[in-house]
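Chain naming follows the written order as A, B and C, and within any one chain the residues start at number 1.
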Amino acid sequence: MRGKIIIIGMICFLFLLRAPYALAKDPVKVGVISVLSGPLAVVGKGEPDAIKMLIEGYGPLLGEKVELVIKDHAYSPGLAVERAKELYEKDKVDVIIGCPNSAAALGVSDQAAKNKKLFISTDAGTCDLIARNPYTIKWNYNDYMLATTVGLWGAEHLGKRWYTITSDYAWGHDLLKYFTAALKKKGGEHVGNDMVAVGTADYSPYILKAAKANPDVLVLLNVGKDAVNSTKAAVEYGLKKKAKIVHALLFEVDIKGAGIDIFEGDYTAASWNWVAPIPGVRKFADQFYERYGDRPIFMAAGGYSAALQYLEAVKRAGTKEQIPVIKALLNHTFKDIFADPGFVRAEDHLQLAKSYLLKVKKASDVKEKEDYFEIIGSVAAEEANPPVGFFGRKIGGF
Amino acid sequence: MGRLRMPSLIKNRWCLVWLIPLFIFLPFLTPHHSLASEMLIFAIFAMGYDILFGYTGLLSFGHAIFFGAGAYSSGLILIKLQAPLLVGLLGGIFVSLVIALVVGFLSIRVKGIYFVMVTLAFCQMFYFIALKWSGLTGGDNGLHGVPRPSIGPIHLDSEIRLYYLVLMLFVLCLFLALRIVRSPFGRALQSLKSNEDRAKSIGFNTNHFKLISFLISAFFGALAGGLYALHLNFVPLETLNIMTSGDVVIMSIIGGIGTLYGPIFGAMLLVYLKNLLSAWTEQWNFIMGILFVTSVLTLRRGILVEVKQRLFHKR
Amino acid sequence: MEGRSSFSPPGYSMDIQFVFIQLFNGLALGSFYILLSLGLTIIFGMLGVVNFAHGALYMLGAYCGYTLVQVYSGNFWMAVILSPLIVALIGIVMESTLLRKLYDLPHFYNLLLTFGLMIFIEELIQIIYSPMGKPFNTPKELLGSIDLGFMLFPKYRLFILGVTLFLAIGIWLFMGKTKLGAIIRAGTDDSEMVDALGIDISKIFTLVFGMGAGLAGLAGVLAAPLQNIFPYMGMGILTETFVVVIIGGMGSIFGSILGGIIVGELITMGVIFWPPMANTLIYIFMAAVLLLRPRGFFGRVKFFE
């Protein structure tokens, strides 16, 4: 018995000795976390798909082919943190991109700081991600941007009396805060608000309250099922005929799901849309469509952009070491299919770009698949996004 | 179902030969280290739950309350008071026990099926309270920045070190649980489960016993919750979710209720499978559902007991 | 420091018309709870099974409606009649193949089975139909509002109220006046005796489960135009239905009706008068009921064990 143990032990020891030589190949590894199962999978799959498309076409970086690891967090913050740990520790990725769900993104951001590796948050909206730690960069959109875009543009173009229906959780509260600030800036009047629990099926009491207040515009600071239910109720009680409806965030999936007639004529803000007037957008959208049968949504484009800019930063830095790459990303202006131009602010690690106002088309105007929106306006990057130091946080050293 | 179950370590001594190394080397056997901690955390949760469900016969669908309360309280104590680690965990347990006292008292007033629905409804209520009270809990975003204070000179930042802390507490809990179920109190619980009226007629204050059993299971749940907060360095709102309550029920059933080892095994298996399957397929919830339905229909006594029966009693 | 604010706009007055319309809304919402809890309560009363899959059956009703209308180009009325029947059939299959196997075991086994079935059904629908929401529109005949003199009220919601009233009375009469109803009531009290009297109690069980499932399916298809149809739409409403049953009392038809109205009104009026607590109100009420009268308003003592 003892002899066997000694022999097994020696073999293990020999393997251990060999191990360092196995590490000779060290390609750049990109990790992506998204929601790939459960009810939000339709929304989440676009981003890893787009990044896959990018990396396959990218070519070698630092002499090796770029590797991609995709993980599903099923929209659960707990799982997201587990996945982030896996990616950083076991898969040894050099960057994590994506992560919808603000709670999840915050958790991943903390793991990024703990592991001293980069996390580019492209999907979650919470502003707590801005200037959070040196290893987190906020890409794509944020709640301040969405609400401010709607508030600034809407107050000028849509009317003065605004009623808000807000999803009663952190995201909704943040949107309301920034929205009312923007509205006030342009002299709009906030005539009422209702906090509604997420998942409420019956919005009729709130719509009735809103109708009573006689607003010019009804703002729905909610998303997904809540956006659908609240809009359906607005249609049912005739409020849609009296006031314009603005959504904080409206996904093509929800329009498809509830039918475009319900949403016709509604407005929403977005960081991007596949009909945006950016050079190369149409080609990207077509490429994506040919490969995946769907048009890319802003999450996919944002992820694509973040991944592309990361790889370009590695090229510029000449290494995949964290600090030089992050430095190469900061204070950098870029142009890609997502932003034209985009800029990453060094003080708070925020990626800035123009934001858009979209309007839902009439069913009769829809000419091709997923052609639901038309772009009717935009807000400049600096106006839509929070100024430096707005949240009172400073990023420390690495 | 009326049999008294008294798990005994001594009878199965040979099992320890491979069980002990398994637990010691678990972080290296699982796809990644932190999965091992998660497996044991839910094992602690399920173990305590079995005392209530398997031994006392009370099916609670709201035990996520204590898991979540333990997680949030421990987290808050560690963050706001910068307390040492054990103080944080104990604080979480204390808060959960207070909540368990109130919820347990109210729930035990109703029996059988009502008890299930009431605990479910309470769970939903606490979920909403935590969601609303975002000043305290972070609401939907969860509680972030839970530190891992060192115990004396030992730093716990590495996942492996945390695992060994969890392992130690797990072993402690296991001994505690074993002592409880093998004590006269434990036997009283089982007699209560098989026939409450008879137990009452013998003179047991059954409500008293039920409440204590409830508190004990909450204790384990709270400890597991506190460890979970350390494990993730954050507390997500879903710890208070009804599905989390459902998870511990599923783990116990699949493992085999009323045996302590069953739910432990069930918890570890399910956490492991969840992790494994979600890497392969997007429909692992569906597979879980099938597994669970099959368990309830066929493996009545749970995988562990069934396997044991088939393998070792066929001679 | 929360950005919460729910303030009254200028000129907002607590006038009668507004309160009335919200009360009516509460009734319309309560109708769903009544339909669902009626089903839950008769299943429990007869079979002793707490049907966790009830929410999933509700969801199936909505999906049946969607499939009949969108895929088979049926009309709404067809959907309203056929969906409950299809769901009732599914319920009958569920009961006779699966639930039946566990009747000789303690009741919680069946509870767990239905819990597992809920997960199974939801995931299956998610695989077949995709997790995306599905569209379903209010039928043209029921669009718009009726002028009731003192207020305008959507036609569709009046329709729901009407259907629920009709069914509630129907079930009441069925249970009270028909022979089959008497058998069911007898079986609820003492199923062994009914069996001993030569009536095939297992067929009655199946029938009752089918009825309960059908009611859930009806609630689902009626809800379809009002809310987003998606695989997990049954989960939230299930817990609330449990609260209804706790308040009204398990096994009591009248309790379901009363409980449904109370919960519907609590939720709706809570929105008006105490918005931050709108969701938690029903649980507080439930806790109060538990403290003062654990078996609910009309709960029968027999089930309270």
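Please note the rule applied: a residue touches a chain if its C-beta (ideal position, glycine included) is under 8 Å from a C-beta of that chain, and two chains touch if they have at least 3 such contacts.
None of the values given here were measured: they were computed from a predicted structure.
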item	value
Farthest chain (mean CA position) relative to subunit B	A
Between A-B and B-C, the pair with more C-beta contacts	B-C
Euclidean distance of C-alpha centroids - subunit A vs subunit B, Å	35
Whole-Å gap between the CA centroids of subunit B and subunit C	32
Shared-contact residues (touching 2 or more other chains) in subunit A	38, 41, 168, 173, 197
Residue list for subunit C, restricted to those that touch at least two other chains	2, 126, 276, 279
Where subunit B touches two or more other chains, by residue	128, 132, 134, 283, 285
Residues on subunit A engaged by subunit C in the complex (per definition of touch)	38-42, 163, 168, 173-174, 176-177, 191-197, 199, 201-202, 204-206, 208-209, 212-213, 225, 228-229, 232-233, 236-238, 253-254, 256-259, 261-262
Subunit B-touching residues of subunit A, taken from the complex the two chains share	36-38, 41, 71-72, 74, 76-79, 81-82, 85-86, 89-90, 102-104, 106-107, 110-111, 114, 126, 128, 168-171, 173, 197-198
Touching residues on subunit B, where the partner in the complex is subunit A	31-35, 38, 128, 131-132, 134, 138-142, 144-145, 157, 159, 228, 232-234, 236-239, 275, 278-279, 282-285
Subunit C - residues contacting subunit B, complex	1-2, 44, 48, 50, 98, 101-102, 105-109, 111-113, 115-117, 119-120, 122-124, 126-127, 235, 239, 242-243, 245-246, 250, 276, 279-280, 283-284, 286-287, 290-291, 294-295, 303-305
Sites on subunit C touched by subunit A in the complex	2-12, 18, 21-22, 25, 28-29, 126, 130-135, 137-138, 145, 154, 156-157, 223, 225-233, 236-237, 267-268, 271-272, 275-276, 278-279
